[in-house]
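Presented below are the structures under discussion, each in the form of structure tokens.
Both complexes shown next keep chain A, but they swap its partner, so chain B is in the first and chain C is in the second.
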Partner chain A sequence: MSSTTLPRRDAPLSNELRAVHEHYRGLLRTRRLYTVLGGLGLLVALGASLWFADSSNAGEFFDRLPYFFDFFIHFQPDEPMEIVRALFDLPSPFADGSFKYDYEVGRVYLSGDLYLPEYFYQMLVTINIAVISTLIGLVFAFALSFFAASNVTGSRAVRFAARRFFEVLRAFPEIVIAGMLVAILSIGPIGAIVAVSVHTIGALGKLFYEVVENADTRPDEGLRSLGANWLERVRYGFVPQVLPNFVSYALLRMEINVRASTIIGAVGGGGIGEVFRLSIGRDHAAKTYAIILLLFVTIIGIDWISGALRKRLVGQSAFQFGG
Partner chain B sequence: MSTLAMSAHDAAGLRARHPQVFHRPLRQRLMAPLAALVTFAYLVFCFFFFDVPAVINNAQWDRASIYLADWYSWEATPRFRFKDDGVDLEWTRSLLGDKPNPDWIEKTGPQSYVSRFDGPDNSIEISPDSVVAIVGGTRYAIPVMAEGAALPAGAPASMSLKGGRVTVDYGFAGSAEVRNTQVYVRHRFFGWPNFFFDPRSSFFGMDAGQVWQAVTVGERFNPDMPNIKLMALDFLYNAEWQHLDVYDKLLQTIVMAFVGTLFAALLAFPLSFIAARNISANRAGNWFMKRAFDLLRSVDMLIWALFFVRGFGPGPIPGIAAIFFTDTGTLGKTNTEALENVDDRQREGVKSVGASPAVVHRYGVVPQVMPVFLSQALYFWESNTRSATIIGAVGAGGIGLKLIEAMRTNQDWENVAYMVLLILIVVFIFDNISSAIRSRLIGSGGH
Partner chain C sequence: MLKISNVSRRFGDKLAVSNVSLEIADGQMVGIIGRSGAGKSTLLRMINRLTNVSEGTIEFDGVTVSALRGKALRNWHRDCAMIFQQFNLVPRLDVITNVMLGRLNHRSTLMSLLQIFTEQERLMALRALERLDIASTASQWAQTLSGGQQQRVAIARALMQGPRMILADEPIASLDPRNAKIVMDSLADINRESGMTVITNLHTLDTARAYCNRIIGMAGGAVVFDGTPDELTTDVARQLYGAEGLQDAFSEAMTSTSLEPAARPAAQRRELAETH
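Up next is the complex of A and B:
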């Protein structure tokens, strides 16, 4: 098209061009067909799913919708200050001896009159569960990920075993591990720690070995040419390269683990999740809103700290998700 | 690295040329040991914070082995009761049907029985006037008196006496507890009991060939329906395994993840265009939308779930709503970031031929971000299939609730194992589907 006049739209095409044109049209048709078919399939699946979900729910969606707003309207503290009192374990003017207003009871005394409010203490338990699980997960995933990476481990069988191991740990339902340990150790955070750690090993292991596989192999080649053994190759050829990414993923995982240990807490792992489930189950509005406030601030704070740390470690590529 | 031959001169030269490698500042050199020290101190703190020694001491480890064994094995529990005139064989909560007649219990006389654990060398003989435990081929007569049983002379380590009861441990095969009123035998077998048909079913106790025969040529057990239908119903409504209910709950969990993620992806798509700085010029709109995403994301999925459970009642709807709310926030945030990183040249190209803003977005922006959007949505679908299990446990329905119920009884660990197996299969299938679609999307380079 070097000439200034463009060919008209219906200008006859040469045979070769027509063949290309036909082929292009054909491709376009197939793609449209697939798009339409995929969309239809999705719609049918969605319709069936919605019908199924609605019919197997205890209350049907549209029947329950008005009550949902009822719940919100009724679920209010006596006055806004009650939320603050519940949060800091201050005595309530509404106290009538019931569990609803027994804010002071949960105080954890550190020394003399100095106390930690109950929900702050429980939040601390949950954060500690998350941190220690991340540490455990980091250590094991670090050690095992090299056995799953194709550029470090030559044996197909070892790699296969390591990868399937990570997969099973990732997919194994956390509540089962927690529930099993609660049955043995009685209710407490140890079950939650083990459950979250197991999942973390699987999730971090997968991310780690992908990082190792994407590492630059030139340092490794250099070391190999000098006759370094396997351990030396990993230590000096890979670890310095992958460590920032590893730590970044671990921090990301810690954010996720704070949420995970909250949920696990609600099913018997202790910590803030458990007190939250109890307070909403007993209709204690002030306590519930106090916990939501605390959780909200904590999660945002942790996300922010870990985000800033990750940005320092690996720069702008920091924002990625891990399952 | 002993093979590396280097003269002292060369080495000194290297050191001089790369001081940053050989003489790192003190701060950097101390970094690793310091991190290790802090981590260690933290571990010690946690050890006492969570009171690990007390928890370990108070743990019921004997239960652990029983619970674990229940995952893959089951127990038959006959009781041999001493009556005035002899011994009665009784079955409690029998998994073997109404009138079990297993080949490991033999009636050796009018009032005497032998119960065998893997062979005649490990068995127990019960008759009105004597109880003889045979452990590893050696016979031990256990004296049973009115006030309780006593240990025989030279009893092996596998026999123990507690509160007038002698327990003979036969390892995995089970145990026998001798009391003054009865001998309680627990015989453990490998596998899941009555997985296909419960004892009330007409097909109970048949092997595969017999079932096939009954279904194809056999006479009808129930005149109202063909045997094949009866078989399907007996299987699905198996009282111990509740297959139909388990599949139903599993489907609920899958539906929760699917619908929740789909709705979230559909809503996050338009909202992220509002939130992206380079797409819509309204600063207040950008800011408001981004904070809305943060709010949805940071109020945890658990909180949404518990709220919606209170509102809608237990079932998959609160689960869908919880996933929908959380993931609208998360997908909105990732979508916005993808949008803010688009290549401007394509938009300018479309704009330069005089296209309207809608067309600019359709052909200049969407083709670039669509693969990222879809692959994020698929990723969350995959991960929500896992988290829907946990959400279910707090009341949002699905397999999670069923798992929690099965675990609460502390007896149905084989059902827990069954459900875990099903969950693992489902998660693997969905992982593979999602990663296959994702690799195709990324591989095709975004249309």
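Up next is the complex of A and C:
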């Protein structure tokens, strides 16, 4: 049926159509050339970096592979129930006065006989670091990202300053900042909060201003046309548009920050990371597995909560399909 | 022949389309009119199956379209091409590729993903564009085109599907009168030359009168009028649009295919001027 609708296939081309066709073929050839060149470049880079990694490695990957499970064979609790006792600070039947079985010592008493097991308390310390750092990072990244976006801020100097600021903040890994701060602020969560916050501002700021730059500028044009000032334009032309993406990135950052503050614990930031380093370093298998279990459940829980939160904040309509 | 039997659609507890039954013979140019919220768009989207029916059946040449799934459903989407009010092109893709996307259902997925099209498909797309008089825009990004041009690209894409009917959901509601006329003329040409069924939702009575040989009026989700343009009297129009909406429905100011300036009564113009 289409043959009657479209002009016949063998009909001669008009001059205009032939010119358009030639022009498009030229464009297509150029684009294909760049695609092939880009692909080749990528392959060369991949090959070179693999070769470099291999030559700088001791090259024992395949030699060491058979020993992969040795660690788990030697690193076992006295009985599986020991893991549960370590997790909930219950007395151990193996207790011999050593640190290995002193599960009850870490109890954090809330009132009377009601206590919070040590690892739950430490997990809370870690989550607390992550939540506070994410909030601090969110506030600063939100406020500054609009100054870094080229479709919002006209001044090159301001944009340059804002972007370099984000870059400097995210240049240092959390663990490096935390390591330096331990010397100043001593061991504990305050240093960790500062370290994670600094990195969060830098990382979120970059993602945020890129979201802003991808926003549709027509609402902003509409607001400009009715005499809105800069702040009003940001508030109504951009914020409602970018908010769903900001929420997604902020929640993703919170998940990342839970992991980051766990790791920072291991270099003296307090929280679950610190007790994990101690227990694995002292070869306390039951405690180590208890912490791994708790971390696993927590991370899954946080993913789940942040997913539910995003749905709430962004609105159901963004997730509906067809129907 | 398209046969719609007792079709309803519910959104939550709101009834958008209520117990509609229609038979549309091949080759008709049908205009569906009614005020916004009358269920026109939902009905059209149910025919294309972008929206599912809540109750009832839709059949085309004996096939129960409303029950299709998977590959058969995608083939049905291809067979009844859809034109949208906001064009729904891919903005950051050149015009000719947008048009060639109309062939997606006919081609291998791998070649489509790699964006490799044949010489023949390129020529086919160019000819479709030339038919709508916009071949010179072929290598531009779709988003750089004006609304009227974009709608013509959308029609060219629809033609590439090799459809058996064309559905148009308010195709001229966001266009100026001149472009509206070009778009409606193109749809009428396609209907006349290929005998393809065209069903189009329209806001205004005069456009429906000028282009369609059958007019269906909807109000509150139900069909309240079905006949030729001659049978559409002022009484029927009043029923469709309500007494206060009637002026707008007949007015050429909203969206019209006529190039004459809007002829509002002087009294109403003065009234408007005073309130602002």
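Here is the rule we go by: the second predicted complex is superposed on the first by the 238 of 323 C-alpha atoms of A that agree within 3 Å, B and C clash if a C-alpha of one lies under 4 Å from a C-alpha of the other, contacts with A are read in each partner's own complex, and residues count from 1 in each chain.
As a working rule, a contact is a pair of C-beta atoms (placed from the backbone, for glycine too) under 8 Å apart; a residue touches a chain by one contact, two chains touch by 3 or more.
The model shown is predicted, which means the values in this text are computed figures rather than measured ones.
Set against each other, chain B and chain C differ in how many residues of chain A they touch, and the higher count belongs to B.
By the document's definition of touching, neither partner reaches A:Phe99: not chain B, not chain C. Of the two partner chains, neither chain B nor chain C is touched by A:Tyr34. Using the contact criterion defined above for the overlaid structures, shared-chain residue A:Trp230 touches neither chain B nor chain C, since it reaches no partner. Of the two partner chains, neither chain B nor chain C is touched by A:Phe160.
Looking at the shared chain after the overlay, A:His21 reaches chain C, while chain B stays out of its contact range.
Residues 323 of chain A touch chain B in one complex and chain C in the other.
Touching chain B in their complex are the following residues of chain A: 42, 45-46, 49-50, 52-54, 56-59, 61, 64, 67-68, 71-72, 75, 128, 131-132, 135, 167-168, 170-176, 179-180, 183-186, 188-190, 193, 226-228, 232, 259-260, 262-264, 266-267, 273, 276-277, 280, 292, 295-296, 299-300, 303, 319, 321, 323. Chain B meets chain A in the complex at residues 1-4, 39, 42-43, 46, 49-50, 52, 55, 58-61, 63-64, 67, 248, 251-252, 255-256, 258-259, 262, 294, 298-303, 306-308, 310-317, 320, 330, 334, 337, 376, 379, 382-383, 386-387, 389-391, 393-394, 397, 400, 403-404, 407, 410, 416, 420, 423-424, 427-428, 431.
Those residues of chain C that touch chain A in the shared complex are 50-52, 96, 120, 122-124, 126-128, 130-131, 135-136, 138-139, 159-164, 190, 193-196. Listed in rising order, the residues of chain A touching chain C in the complex are 1-2, 4-7, 9, 11, 13-14, 16-17, 20-21, 23-25, 27, 322-323.
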